[in-house]
Amino acid sequence: MSENPVLHSHLVRLSYGDTDPAGILYYAAWFPKMEALQSEFLFFQGLRQDRLKEDFGWWTVSRATSCEYLAAAGLFDQIRIELRRGSVGTSSFAFDFTMRRVSDDVLVARAVSTLVTVSPEQSTVRIPELLHDHLANWGSSEWAAAHAITGADALA
Amino acid sequence: MSENPVLHSHLVRLSYGDTDPAGILYYAAWFPKMEALQSEFLFFQGLRQDRLKEDFGWWTVSRATSCEYLAAAGLFDQIRIELRRGSVGTSSFAFDFTMRRVSDDVLVARAVSTLVTVSPEQSTVRIPELLHDHLANWGSSEWAAAHAITGADALA
Amino acid sequence: MSENPVLHSHLVRLSYGDTDPAGILYYAAWFPKMEALQSEFLFFQGLRQDRLKEDFGWWTVSRATSCEYLAAAGLFDQIRIELRRGSVGTSSFAFDFTMRRVSDDVLVARAVSTLVTVSPEQSTVRIPELLHDHLANWGSSEWAAAHAITGADALA
Amino acid sequence: MSENPVLHSHLVRLSYGDTDPAGILYYAAWFPKMEALQSEFLFFQGLRQDRLKEDFGWWTVSRATSCEYLAAAGLFDQIRIELRRGSVGTSSFAFDFTMRRVSDDVLVARAVSTLVTVSPEQSTVRIPELLHDHLANWGSSEWAAAHAITGADALA
């Protein structure tokens, strides 16, 4: 996982629907929460997923997702999900996620979402310059210090 | 609930992700299953939701949903979800759903999904003739006897 | 819908996963959000769903849910979901929900969740005194003024 | 991915709720479908997740999940999800999944779900003998030929 600065975060409370008959987090529950954090971050950066194609002539699709479950998380636990820039390739880049329980600061899960840049017809393309500049900025601690938006701020 | 004939049905087995810490069905779990049944039925009828606007000049949006939970359904129960035509108005119509446990034929839930016909810009419009004809047919037992498609058939 | 005071609320931003190929809210997306609000409210009131049975000798199960979709809600809309006490019967009670878009204060949806009080074996029982007292308090504007917890506060 | 024999499979049709505003599969949609296949397989093998602890004195928790998206899958595509035994370690084992579109036999996604065997208190334990024997059998083509259960059979 990257040591890059935090770009965006949400606080979530695990609810009945997130937990399974064993009373612990349903393994698939993180993915929509990761997506909500990533989508909101990109939206704040002027990169609405639903308009990339028409606005810029390229868009992104998911290439891979992975998640490790490190500690049991249970009903009503409050979790901070943090988003960082992950590795950057020629035509793909990643966001890294950490899920940390607020009450004891335990890392309960970490995950990676890898995206690939594509043409409107979904052929892989090199990362466009606009996005490349964003990725360079997102990796800098200066950017993060100046721009990071917390979940609470986002909702204020 | 209508006594109309069954138009389409799916067999589903309640899974870990459908059940909650009490080991019974999570109340929101029926809605995606209802949607999958309704969408597949309309698809088989030549009414793809994603193309109604361009193909016919109108489309449908959800107006209301309701569900009653009549008996506890639990992990690994096998349930038959059946779709019937519900009430039909001037610019809206409904599908009725029943969820029945296979092992003991108990009705565990019933639900209604009400749709309204709209213009491309989402103004309410009278039910178009094409759809009106479909609705008349779907309410007839002759149609159902001739066309009803089971989940198993659909997948064959 | 009740004119009762707001008991609890969450601010949510509609995300990619909440919206459908038409770019509008997927009709089933409200239900997990309603559940998260209701569960957190009851948790704050000392009524953890997963412990009601052992702590008090009774628990609650869902009896019915209904939702009306009043205006189109789209990707990235910010919505305030509010919870109010709904109607109270002998062995059942309801929570009323309103979903209002922050940007223009439009009511995009409203919903009702009806619960029934049951014995550990899931036989219907009269609303127990402890819960009855809660319900009386939750209906009073004095209580709400003193205790209402916003989503932001809840996460602070 | 393993070349092991198929142990279980489901046929699913991608529905409105599985697809996003781009009209392609929402990346998180595979996980509940993988879980439903895996849970049903284990159920058929006498290994109900909700009873492992009381029946056998051990249970399993998710350790990791990963998914690769290889081709665009869209609304109403019919997909066959297949489950195979993956790698087996000292206290963990994996199931491998492939998602293949029926119409053109294209592999649209593949995924791995890694489970770890734990004590009732969730300490990692060596794979118990009962499970070890299952895993050895599941890896053999003889077993698969004799026992493999298709989604259609399962529902018959």
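By written order: A, B, C and D. Residues from 1 in each chain.
Convention: a contact is a pair of C-beta atoms (placed from the backbone, for glycine too) under 8 Å apart; a residue touches a chain by one contact, two chains touch by 3 or more.
By chain, with names taken from UniProt: A, B, C, D = Acyl-CoA thioester hydrolase.
Computed from a prediction, not measured in an experiment: that's the story for all the values here.
Here A-B and A-C are compared, and the pair linked by more C-beta contacts is A-C.
The chain with its Cα centroid farthest from the Cα centroid of subunit B is A. The geometric centre of subunit B is 25 Å away from that of subunit C, both derived from CA atoms. The mean-CA centres of subunit A and subunit B are about 34 angstrom from one another, to the nearest whole unit. Subunit A and subunit C have Cα centroids lying 28 Å from one another. Residue positions 16-17, 21-23, 26, 28, 32, 35, 49-50, 75 of subunit C each touch two or more of the other chains. For subunit C in complex with subunit D, the residues that touch the partner chain are 16-17, 19-23, 26, 28, 75.
By the touch criterion given at the top, residues 21-22, 24, 26-28, 31-32, 35, 49-50, 59, 61-69, 72, 113, 122 of subunit C touch subunit B in their complex. The part of subunit D that touches subunit B in the complex is made up of residues 11, 13, 15-17, 23, 32, 35-36, 39-40, 43, 48-50, 75-76, 78, 151-152, 154-156.
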